[in-house]
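Provided herewith is a single structure, encoded as structure tokens, for subsequent inquiry.
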């Protein structure tokens, strides 16, 4: 039932601006793939090309091996949830959900049944006769999903569908949408700029940058082994310390083959240090394959569920260390002004190439 | 230089709706106090009463022991940063910042000097001759701050000043604003609905609910010792387990006097369990004064910087356990489906009274 | 409400501020009165005949078949003009709304210039074009479309053409606002759900632009009721509208009461149409 | 641009879609042409005298002092009316914008009804009020304000009063939109920074409503230039405006060329004012 998508060499220019730069991408049947990137990175253009609203200059989009790149949107049979939901204001909830069925000539009886089923799937069956204007943001979101699944398309596209909701509701809907996708077993291509959303929901994430896919991998690989400084910076909190600084000042009991493997091909390597992966070196952990650096605690921020220490290394670089706020941790947490020695295990370090990131 | 604020018995009704219900509050000179609460809780009405834009029905607002409750806004000499910045679109950046000085009859030479100083304080001195329309959201925010401090008011009010900025910029500005406040040494009353912002920036937080102050305390006390289920639920992630369940099913090596002290006065006590405060009971920690519960891992979510396990207790209740993603932790993290025994130290538990929370 | 600290002083400040804000009502009341006053006086006058309160003017209107004819002509012409304005204006407004911003602004400006130009000059321009030996007849004969000049001016047809031209810009402006405000994502959503461009137009675009069409049509109709110069000049005596009867009553018969009664009827029709419009469009919004 | 997979087919689909969308241009072009065409013909006609291309009609206009007088009168009256409309309309629009939503809607509806009513009827209502033995003179004499009836009708004064009444609603609508859109937080910000209500009004509210005032004033001015019925009826032969001269040229002298030239001059003035407006308001926005 779910379809695969095969995109190759997709290119789209707007005047001088290259929005898609020879993008190739495969989405397997039933996969939840997220396009993640800053605004202008091409993620929306890519999604709109699949939906048929943007016509690329060149390239191929095949669904189940059928070329659709030149097909108009209404012949693609792809479901879509729009960012602002795009519910028809002159129709009730049921009429909105029934619209694609009516277009497909589904009879009244079956239509009513399928409308009810789709609304039930998003827990909105009680609202069938409401006007769209009477719904809250979260309810609109659910109706938009019901409308996108009711005609049983094999592929569903979602364009930042949760961005208009507040934090608590957004997190609830993330879980719900993911469960719905697993239950229906559809292929989903999802666009967001919220990295936590991408990490929680996706089977794979494609991080986009300036019209290209910078990295495509599982959430864990994206976070634990970012392919570039851009990815490491965009996803999660990171502090960057040049390899030269680490290797000259640190007590780096790092395996030679680890360093060779990671540094080998990089011109100007820097270490990516994640605040939650850093430990305080109490001397108890004497394992090899760890990096040890000395520094001074500048400031400690209390954030409720986390304590963050800003640590100035001997080289002047400031890195962060973050820990949950169990009492046992808080009692032994370093105080501002005190010297501290940190430890990072080999497996928690990644190394990328230095580059200037625009802000 | 900074002023103290003494509010007592402030009441404001809009028809049947009670927006402020006999609120009393002291803000000491130089304090950073945050009003935190859901929409409709009265936090904005309280701020607007201090600014003079809302006239309470009754009550007193004294600044440095001077009653101002009936004074019109333009005679209060209080700086304010509005939610949408409220910069004058027909004036340049410098004219905006110079506006309060002009009103106070400050001469051209001194005015220019103070405009430059205020803009420099927010790193916007290079933008003095720009039009407001040419500025980005973050730059507008800085100009609004400059305009609010340039006439050296002893009190500065801020109404969700960062809510229109994106996440990275918002976090940067939180630190910057806090440092600016410390440097200038002004009294700040800050309104937000972002709990992390409140925890990071405030000296004290007043959590508001339905026109009353539910709890007023330091960020640490608010998070570690919430006065009610409402506060525990509103700030941070919490799972709630009724005391009766814990005490009947748990191996609660909890000190008798701890329980008596905490449960004594509560009619229907429930335990507040924070995901980051729960530990896996490996058997190594045999300390007294800890709660131990058995359960089964339902699902493990990878969120990049955190792993979250959903654990179903024997009683059926689901609680979360959250940990940072160091490799050493991930390797020993319980898998979905496996039985698990959790441990919470006495000091990491708080107990509140059961109540129904509207959603 | 129980009294509280400072509640007396706060209430008094509140009251004094309310008093001040009531002062602000004066300009509003003054201008609204100024706008309405002449009509009220007109209304009063229409119920007076020979120095006595009377319904005579209205009774005569009902009794005189030539008045009925005038009313029918006026309503008929307004309806015809409105229908054509809608038929011509809708595609135009739709097309302009699809143009890139610069072109759309240019098109609207070109449409606007005649709109703001003297009604008399516009009517006169049509007299020139429509007369027996005018441009249109000359071309039609030269192209062999007709043998003898058509009677375009001095007729219901000519008056209608002139009025359509005059009313078209207002309708386009009114509708353009509504059409431009339609969220384009809705059209994309319809296409995504399987609707062809024509289905999308019929099921989404058209229903959503309806409030603008209704508003524009009703305003057009209302204004058409009040036309005087155009039917006078382009009708050539063959078209008599209510405002022309008002004028006749004053200048020829000096019958101010009858003129007032006609004016009142016209205002009542306008008010009724406007209230209908508010009810119809208000309900949808 | 290098060719890529499917680039030929994509380009051809693109081209065929462009062709289709060009079809949509037709209604826009048609209606714009229809709107402009009569004026172009008018323009052509104005350069023809005795069957030859000539500037005679324009030359005569410049040479004849009575034409100059007409132009001066028209511009003067438009300026006076515009000035009073601004002075009366600004406080009214400001006051209405401060009213609660229901009251404001009611006030605007009341102001609107006369706006949509026949110009002739409105002018006539003022004739009734302003004549020698009309309501205003009767009251003024009864109250002892004057001894003999004032000459209100049949004068520049009467015409101006009528035109002010007719134009006020349009100005109020135009300005109301701008005034209502002013962010009230800006007024709070000004107060917070130490500005008294009067200072706030002068330094924030007034400058921000200026684009609306300018737009409303220019539109008022433009429309005033084209008035025919009101000066004809309320001027009583003592006020001659350009549209009246157009009418005279046609009906009395049958001089179509001269009428056309006058029409062209009027249109050019309107176009100039509109372009100025676009430049002034566009620059600020």
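Here the chain labels run A, B, C and D in written order, and each chain numbers its own residues starting at 1.
Definition applied: a contact is a pair of C-beta atoms (placed from the backbone, for glycine too) under 8 Å apart; a residue touches a chain by one contact, two chains touch by 3 or more.
Keep in mind it's a predicted model, so treat the numbers as computed, not measured.
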### Query
Which pairing of chains gives the most C-beta pairs in contact?
C-D
### Task
Please work out the Cα centroid separation of chain A and chain D, and write it as a whole number of Å.
56
### Query
Roughly how far is chain A from chain B, going centre to centre by Cα mean, in whole Å?
27
#### Entry: Length of the line joining the C-alpha centres of chain C and chain D, rounded to whole Å
16
### Task
Name the graph shape formed by the protein chains and their touching pairs; answer line, ring, star, complete or other.
complete
### Query
Can you name the residues of chain C that touch chain D in the complex?
21, 24-28, 30-32, 34-36, 38-39, 41-42, 45, 88-89, 91-92, 94-96, 98-99, 107, 109-114, 116-122, 124-129, 135, 165, 168-169, 172, 219, 222-223, 225-229, 242-243, 246-247, 250, 256, 259-260, 262-263, 266-267, 270-271, 274, 278
### Message
If we count contacts the way the header does, which residues on chain D are in touch with chain B in the complex?
### Response
183, 185-186, 188-197, 199-200, 203-204, 207-208
### Query
How about chain A: which of its residues touch chain B in the complex?
195-196, 199-200, 219-220, 223-224, 235-237, 274-277, 279, 301-306, 322-328, 345, 347-348
### Task
Within their complex, state which residues of chain A touch chain C.
51-53, 72-74, 76-80, 82, 84, 86-90, 99-100, 103-104, 147, 151
### Message
Using the touch definition from the top, list the residues of chain D that touch chain A in their complex.
### Response
1, 3-7, 9-11, 13-14
